[in-house]
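Both of the next two complexes hold chain A, though its partner changes from chain B to chain C.
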Partner chain A sequence: MKTALLDRSNEYLISRREYFTLFAAIVAAIAILFNNDAPQIDALRGLAVDRLALLQEKLSWFSRLTQSTEEMSALRQRATQLMLENSQLREAYLENFRLRRLLEYRERTPLQLRSARVLFAERSRTPNTVVIDLGARQGMRVNMPVVTPDGLAGKIYKVNARTSLVQLLLDRNFSVSARSQGGRVLGIVSWSETRGLEMTGVPRNAVIKAGDMVVTSDYSALYPPGLRIGKVIAPSLEKGEPFMRIPLEPAVRFDRLEELFVITTPAESFKVTVADSSSGD
Partner chain B sequence: MELSLEAKRRLFTGGLAFLFLILLGRFAYVQLFRGEQFLEEANKNRVRVIEVDPPRGLIRDRFGEVLVENSPAYAVYAMPGEIRNSPQAYEIISAALHTTPAEIKQYIARNKRGNFVPVKIGRQIDFAAFSLLNERRLELTGVDFRTESRRTYDHGVKAPHLFGYLSEISDAELSLFGDNYSPGDLIGKKGVERQYESVMRGVKGHRFVEVDALGRVIRDLTEEDGERFRSNPPEPGKDVLLGLDASLQRMLEAELTGKNGGAVVLNCKNGDVLALVSKPDFDPELFSRTLTPEIWNRLLNDPNKPLYDRMVQSVYPPGSTFKMITAIAGLETGLINPNETVFCPGYYVFGGRTFECHKKGGHGTVNLLGALEQSCNVYFYRMGFRVGLEHWSDYAARFGFGKVTGIDLSEENAGLLPTVAYLDRRYGKDRWSKGMMLNLAIGQGDLLVTPLQMAVFAMTIANEGHSFKPRLRRSVLDPFTGTEEFVEPDTVEVKGIRPETWALVKRGMFLVVNGSRGTAVRSRVEGLVSAGKTGTAQNPHGEPHGWFIGFAPFDDPQVAFCVFIENGGSGSGAAAPVARKILSFLLENKKLTPQLEADEAAD
Partner chain C sequence: MAKRIFKYLLTFSIFLLVQVGVVPLLTIYELAPDLLVVGLVLSAIRHGATAAIVTGFLAGLAQDAFATHLYGLQALAKAVAGFVAAYLARDKLKFGLQVTLGITLVAALVHNLIRDGIYYFDADFSVLHLIVRYVIPNSLYTLVLAAIAHLLFAKSFERK
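Take a look at the complex of A and B:
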């Protein structure tokens, strides 16, 4: 008798499955309508990106079968590391001139890098992002700087379990504290689709010329100082602007982003430390 | 009770229909009842107007040298309707601004003027804090960052009283000239900054950006998105060129440091203020940074009153520098014969009171020129009494005393010129002594003037009545076209004084500097003939004030000046040496054309 009832209700559920699907869909629709940007919905999105990434990974593994992936990745990592060191050495060299008489020394920890592959790009969205194959499980955290051997590419904007979203330098809402390399011209670098990459807030009498490299400044809260951002195209003083805008050519080639490096060293450790100047000459 | 299959079906369909109704109801509510409101909010939300501040015009000297310019200052704004109530965002902001989340929330609530009117929550923050907030802007929905201007004075000229300063616009000012201003904007509050606000301000520009639901900028809007989204660049402000000579001003600021007082130097040919120094002063940078209540109170309560412009806002008895008025009034009314002599025994007794001369032993027999040269009080007591208050105050008023000079600075003090009507009002009709005129004749008593008025007085004598309104602004420069528009000087004529009278008074002033018994030999400069008059004004608050007014060169006056040293002791000791510095500086730097020694015989 009991089995018969169960069978009957099973049969009932199966025969009415369209209704139940519809029912579930309406409930979901109502839920979404009433909770627009809830964290649960966000988590759902993250999960979807993760799954998609997994699939992408499987497919790309096939396409890269012929390459010695790991070797290349290691080489790129080394190249980036050298770029960073080189950049810092140049800075130290220039600084040496500037600060010879000041008893100020800087101590910098070597930066730790993690290599990441670009899975896919969401370039048309806001923010302008790419998805990389490292996530919370690999120790990724929001605001970690992302670089290529050429310079600063962006920062981690959102972390999922296995993937992360990288907000690129070419995003309208990306800003970085910058200065001219070797000079003392400070400004904020940001990007706009009408004007491109530019450094703003530069005093009108600042000495800066085409070809000068603009790097991350010592005042940056997220990025190690001395990372290349872009090269000065031509400083311009627009009539209506109190300060100069300096258009830059990005150091990183954003049209061919395949491999990126995440700087995992905590931001606090590349902050400038100033020694006690009373210690004598 | 077991339901029939049919009943279950109906119940189920009914349930579905009910859910659909909720859905429909919600849609209808959103669309029909709140639709318009949501659309409006969405548009406000979607399109954000970014104000672009115009670059403020600079302040330059007569040669175009920049004296006050703009440097970047970093400000943070919050959009009350958009700033997300996330504790993390408030933590980031409050850490950067060195405050607490609660304080920021309170501040926004207190200064809110609408959900989409930005509130300035951080002004003049340092570059490190600005960097931090900018770099984390994606986490800071509803927070906006702007690079604004801050006035800087890196050219060795402080002149805080002259330049004035900018400060945040008040509610009253906002309702008065609101079109070109927004809350949090800076506006000229004092000095040239205030006087020429409309010239230097420029016109605000706008551009439009599209933002998403979280306030993140998606893209710039252009006219292709509709005519109303066309951006308009700001119209930059114009530079104001002052008549000031920066090198002279610099020299005088250094020279007068440590003193209470100052100096005004005017161009006799057009009334340009070549230098205007009032000491003690303060660092104008204090006002271009965030002025803390401690600093403000310290300035306000400083017993030396550094906030006061002693040359324009403060009044003092002019002492003997005013004797020329008594002389002119006497000569013009015919009550003084220049050749008539008076014997000065060192004092004068009137109405049972003894009025003293500054020279205890007396000047002996003096005529008008001798009395001016040696600044004999006894001569002017007697002549002043003869001239009388009515004539005396009439002539003083012709020279502009008791009225503002009209210099392009606000808060100018008019001083006080006692007249019969004034004394009747103050002391009661016929209740004041005729002896008052004795004190007024030597520039003491109720008479009060500003050092600027005395400099204009010197210019008027130098020009024999063809004078000018003193002015700071000489021209206005459009920094982008290079077009300079000059401002015509305002002429002021002092009428009804005969050439002989001018000649006599100028001759007397010549002797003050160049005569063998002159009181201002300490102002004499080799190779330049000048004329002047010293003054030592008694005051109840301590040592007498030292005055010296004059002009040079004697034959073709190019500059007129007034030096005033508060409690300086005497005009010849404290003020005349400063005048000497001014004249030798102008001569050495070829700022004026010297005349040959005009009258060797005068020595």
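Take a look at the complex of A and C:
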């Protein structure tokens, strides 16, 4: 019985060998082809991602029939806006102490947000990205900051017609100018496979302790100041090193990214110049 | 067996060298015939689908190394063209000029549609323009080459 089944399956494989060969050749050729870094392949990839996103959107429509998606999205957007306002208020409160003697200071522009749904993640690749359902047609542009209610998640890395790739904070090529929320200690936050998320370039004598929140600095060209990045775990001093390495616990839960918000306010609007912020000190 | 494989490889190496060395000299208004497609039709007629697909894939990879900056493009187009040629030739016993040219034309059309479709994917012209300007003329040019090959080596276009 077993032998007969084996014989029959062997027969089937042999009789259809040209189809299997063709399939293998096509898969191999496409795999090789998609490793090229040519504009045609980029365009093809963009189209494929767009179509996949469209398909996924159509499929997910059935599963989300029972949910009031718009309401949920609006509430999440509101929550994120409140979080940002709250973060800015806390910033303003701390600023009041430092800038008491200032005659005037510029009020920061309220941030405009656009909610986006995470379609799928490409975590195994470099860059570490997720694909969102907003693209060039919705006004997305490269380098727009991407946040969640918890803080900074990344930035837009590539824009297709209907979708965009978001480069996450947990990518080795991602770095952001940062400072501690209380102590105003400046540094650069980046991520590596071996060390995880950490703040570097902090002088040895800087006052920073475990539990301090690290936020985006006023000097970033891309991100609004005061966005939460992570919490200090334990600053470490290495012998002979002029700078401290400060490991951080990310503020955003990257394993649970479902809904993101793109800050569509132009970077120039929230950029506080050095002259403005230091004129009264 | 080894002698046959050696002869087969040698034939395709010569085809490849002629394709990358001589055929570019025959280019007219960016149109060039593809000798390897003629070779694939020959392989499909004589040895069947599996041989044609594998040969198309490997010859395409070799051609990619010489010809384009899109590595894998010719391999994809030629593997599919090899299958198409073998599929069309599978029930035929005699391969006269008309049958051979018919098979070559369809295989060349499929080959050029895949190759030029991907190569000009981000170009600013329509699919119709692509077909009229590149796919059909390139295929007809290849057809001329196939006709000459058939007239010169009619005996080679027979099933083994």
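Criterion: the second predicted complex is superposed on the first by the 233 of 281 C-alpha atoms of A that agree within 3 Å, B and C clash if a C-alpha of one lies under 4 Å from a C-alpha of the other, contacts with A are read in each partner's own complex, and residues count from 1 in each chain.
Criterion: a residue touches a chain if its C-beta (ideal position, glycine included) is under 8 Å from a C-beta of that chain, and two chains touch if they have at least 3 such contacts.
Quantities reported herein were computed from a predicted structural model and do not represent experimental measurements.
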First (chain B), second (chain C), both or neither touched by A:72: neither
First, second, both or neither for A:26, with chain B first and chain C second: both
First, second, both or neither for A:201, with chain B first and chain C second: first
A:172 touches, of chain B and chain C: first, second, both or neither? first
Chain B versus chain C as contact partner of A:121, first or second or both or neither: neither
Chain B or chain C, by number of chain A residues touched: B
Contacts of A:52 with chain B and chain C, given as first, second, both or neither: neither
Which superposed partner A:44 touches (first chain B, second chain C, both, neither): second
Which of chain B and chain C A:16 touches, first, second, both or neither: first
Footprint overlap on chain A, where chain B in one structure and chain C in the other make contact: 22, 26, 29-30, 33-34, 36
Sites on chain A touched by chain B in the complex: 12, 16, 19, 22-23, 26-27, 29-30, 33-34, 36-37, 126-127, 143, 155, 157, 167, 172-177, 186, 188, 190, 192-194, 200-204, 217, 219-223, 238-243
Touching residues on chain C, where the partner in the complex is chain A: 48-50, 53-54, 56-57, 60-61, 69-73, 75-76, 79-80, 83, 86, 118-122
Residues on chain A engaged by chain C in the complex (per definition of touch): 17-18, 21-22, 25-26, 28-36, 38-44
Touching residues on chain B, where the partner in the complex is chain A: 5, 8, 12, 15-16, 19-20, 22-23, 26, 52-56, 70-72, 74, 127-128, 130-132, 134-138, 145, 147, 149, 205, 212-214, 216-220, 222, 233-236, 480
